[in-house]
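In the two complexes that follow, subunit A is the common piece, with subunit B as its partner first and subunit C second.
So, the complex of A and B:
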């Protein structure tokens, strides 16, 4: 691989080196969470996590496991930094966003540690681009404290079914309510906009419903502006898991399959809207 | 002054339309110079254009089946017209499936280039379409500004990489910076670089090849120039992007000449059209 030589001279100095034969396996996932400029990169021996937070009420993370990379070398237990996500995406897509069939951009990311820029080597068709992006001290991530023991309701749906609903959501509605219940309507998305109220119901017996585990009837409200960004992740995914816990916190987990059939995950955690109530 | 031209071949018409459309993407107004053998689309590099210059040359015989012109006078047998190429492009686009297209210099409420064509219809009677493209006749005292720009005494001359690749990279770089550095050497290497507080990006092209001296090479022919030494120009990225946006057809040859920290001179050669574009450096 042509790029494997790029980092060799400074090999000892890099705390993180990650390579991909196809940069899209990273850039596509990052697109799913690019609704804010800055993201926190956290790398461990398990792989890479990229997190974006908004107003302390929304947190989105993309997980790219070590197995997805052709090379993943980390010299510390934890490497973390903050970086401008839009700049990173422009660099990852430097050879153009719409790839020609049969070609791919190879990528190598290198990081020397605190205070150093993230260096990217991208190669396509014999042309090499080198990018050095400034990094900042990572802000502390909110712990939404969402654990499986507190989960009250969970469904797993094929994304297909939700994509249509999300694309048609009445954006004049300030909130989106999610009702989950062991009895009808089972799983319902509702909006209350200028054109009236709209409900999208998904039966537990539907073909699209892969798992249905609802123990208690709950209706929670979430600000539409917080959930709208998740549409990108939904569009890229094949499956989505929806969970709510005893506080009404929402966890959306998207399963994304890349060009090579490998899986990555994108998680969205969202706080309920102030006036949210449990029935 | 008279001008009358007729295009009959559909391929010539398409080609001519594409050329005019490319010009319309490069500049809002330019000068159309006509002499008995050639047509030129000219933009002289004035401060008003941000110093950008353009020179596009076509042999009339490659496009027109009939071509008659009478210039200003026998000593100055040329016609120079200021025109908005977008208007001409629009007119030509509407007559793409005509049997023949005539272009004439006329005087309506003002001087015009009149494009007229017979378009086929479902019935046996054809439909005649006429477009009057207003033009401004340029007086002879200003013709000295419209001469072919002389080949600058450049430091490096190099063949360009595929325009599509450059365009993709420049499009992304434009999101990151307002200025871009183009550098190249006589060893076939070219780099495009941007640098801001947030990020630095450099794209490296190799083995591009350099045109041999004499093939548009420097007259000064300084043999002592180190082939590895780079000549560079810092340009407004939008000007480079504008040049790239207009290119619809792959040229048979494309190259650029660089005068260190002064100007970059881009040359595209197609079978019957040549296009030169000058972008000045910014501080």
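So, the complex of A and C:
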């Protein structure tokens, strides 16, 4: 394969080399978190994490495990840099965004370390493109300190039903409230818009509900503008886990299955709206 | 008020609401003994539509006791309840419509598959009654046709086309796009379709006539008729009188009343109370066309007092409660008197509604500006005020 020869000579110099036979396995997931231009890339032996933050109130991360890559070599414990995500996606889709049946774009990403650009080798149908994207000092990521011991309520739903609800949400509402409770209405999404309010209730006995673990009734408000970016991830996912902790922080985890049946994850952490109060 | 719609009827209700949204921006809801009436009217009062769902359409139907209830809701809000008709069909099992008078809310609850419950609490405003007056039996010309025929016919006209002219003879119907100016006629593309009487299920023409009306508003009805596979009936008397289009089945009736343009060659009459005939008109001249031609006679109980500012439009929320029955009668008869008093050839009659078919196109005319300001509330603004 032509790509594997590109990096070989400089093998000793690269701290990170990752290859994919199908670049879409990366680009599709990155699309789910592209609501800001810049992203922090963090690579460890477990795989690749790409994180985007917004206004210190929203953080989204995509996790692509080592197993998904055809080749994943990392010379240091942790490799991190900041990069323009929009530019990266444009490069990954350089052969055209719409996939032609039977063909796929092969990708190899190489990074020499601090100060060096991220080099992408992309190949489709015998044509090779080289892209070098500048990297920056990675900004400090907020630690939302969301740990499982503080989780009060959790549900896991099949994405299908949530997709319907999210596509119908009243966008004139500034907030979305999420109510989770061991008693009715169990799991409720509410909007308060110009024409009135709307509630979407999911019963705990619903066959869309894969797991229902709610210990205490909680209603939390989140700005609609913060949750809207998550709909891209929702659209790609097959399952979603919704968790809230004792501070009302929201964690949305989306399970995304790629073309080859492998799993990747996208996490969204969101702060509750200041004005709202927990019950 | 409590209405429950189940199964396939939810889709029918949703489509009716989407149809009404093509007419006006507000949905007038009135639960009546003979069924639930959903109505809409456009801002220039040249198009009116009403769907009446009989009690049998619902699996449960109960109306508020005592006083008549009617309200209006922004139609976009109701549309958002029934946003995706395709999904409705697949997932909605039941739809409850309940009235919450304490909070001035109408609650739509959709019971969907997989244990999902969607509840929409929509705020409403009190409204006056909205009822167009039309008499299908008096219409000399009427047709009934498979909606597919009409859909295929209008498909030939561009979506931007505003008005069409329909001409009928004993055996045929012609549908042509309407071009105002003689000068424009030579530059515009003219499309004409001819339908033979055998394409119709029923075709009765008593007089050869032409009538021009707004196509855009008709399309809403056609979509509804086609999706429910219901024949469309058209009732027409003469130019200037509104054309009525209906779809009916055993549990539902929809009527679209569209104003038509007078052709100026015959003294136009309209169907309002105290019908007022003017002298025969000069040759077809837009400025001199009788205002009445563009009106749809409408019956609206005026809920305001004399102190109301005269220029208020019908879209202003009527915050006052509906008048008591005797007050209503009194206002009504006042207006009738006024109509007779204003019976002069040079002044337009003092009707309850003044609406203009081509509101935005019509240049300011002396007739319009001399609308008398009386104790009666003027419920439709002059064309200059129309945005």
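Going forward, the second predicted complex is superposed on the first by the 279 of 279 C-alpha atoms of A that agree within 3 Å, B and C clash if a C-alpha of one lies under 4 Å from a C-alpha of the other, contacts with A are read in each partner's own complex, and residues count from 1 in each chain.
As a convention for this text, a contact is a pair of C-beta atoms (placed from the backbone, for glycine too) under 8 Å apart; a residue touches a chain by one contact, two chains touch by 3 or more.
The structure presented is a predicted model; accordingly, all values stated were derived computationally and were not measured.
Undergrad: First (subunit B), second (subunit C), both or neither: which does A:128 touch?
TA: first
Undergrad: Please work out whether A:104 is in contact with subunit B alone, subunit C alone, both, or neither, and reply first, second, both or neither.
TA: Neither partner.
Undergrad: Considering only touches as defined above, state whether A:231 meets subunit B (first), subunit C (second), both or neither.
TA: The answer is neither, since A:231 touches no partner chain.
Undergrad: Going by the contact rule set out at the top, does A:209 touch subunit B (first), subunit C (second), both, or neither?
TA: second
Undergrad: I'd like to know which partner A:28 touches here: subunit B for first, subunit C for second, both or neither.
TA: In the superposition, A:28 touches no partner, neither subunit B nor subunit C.
Undergrad: For A:90, select first, second, both or neither according to whether it touches subunit B, subunit C, the two together, or no partner.
TA: first
Undergrad: For subunit A, what residues appear in both contact lists, the one with subunit B and the one with subunit C?
TA: The answer is that subunit A has no such residue.
Undergrad: Can you check the complex and tell me which residues of subunit C touch subunit A?
TA: My answer: residues 73-74, 76-77, 80, 83-84, 87, 91, 105, 114-123.
Undergrad: State the interface residues of subunit B toward subunit A in the complex, per the touch definition above.
TA: Subunit B residues touching subunit A: 161, 165, 168-169, 171-173, 175-176, 197-207.
Undergrad: Write out the stretch or stretches of subunit A touching subunit C in their complex.
TA: 161, 164-165, 167-168, 170, 185, 194-203, 205-209
Undergrad: Across the complex, what residues on subunit A touch subunit B?
TA: Per the stated touch rule, the residues are 84, 86-87, 90-91, 93-96, 117, 125-134.
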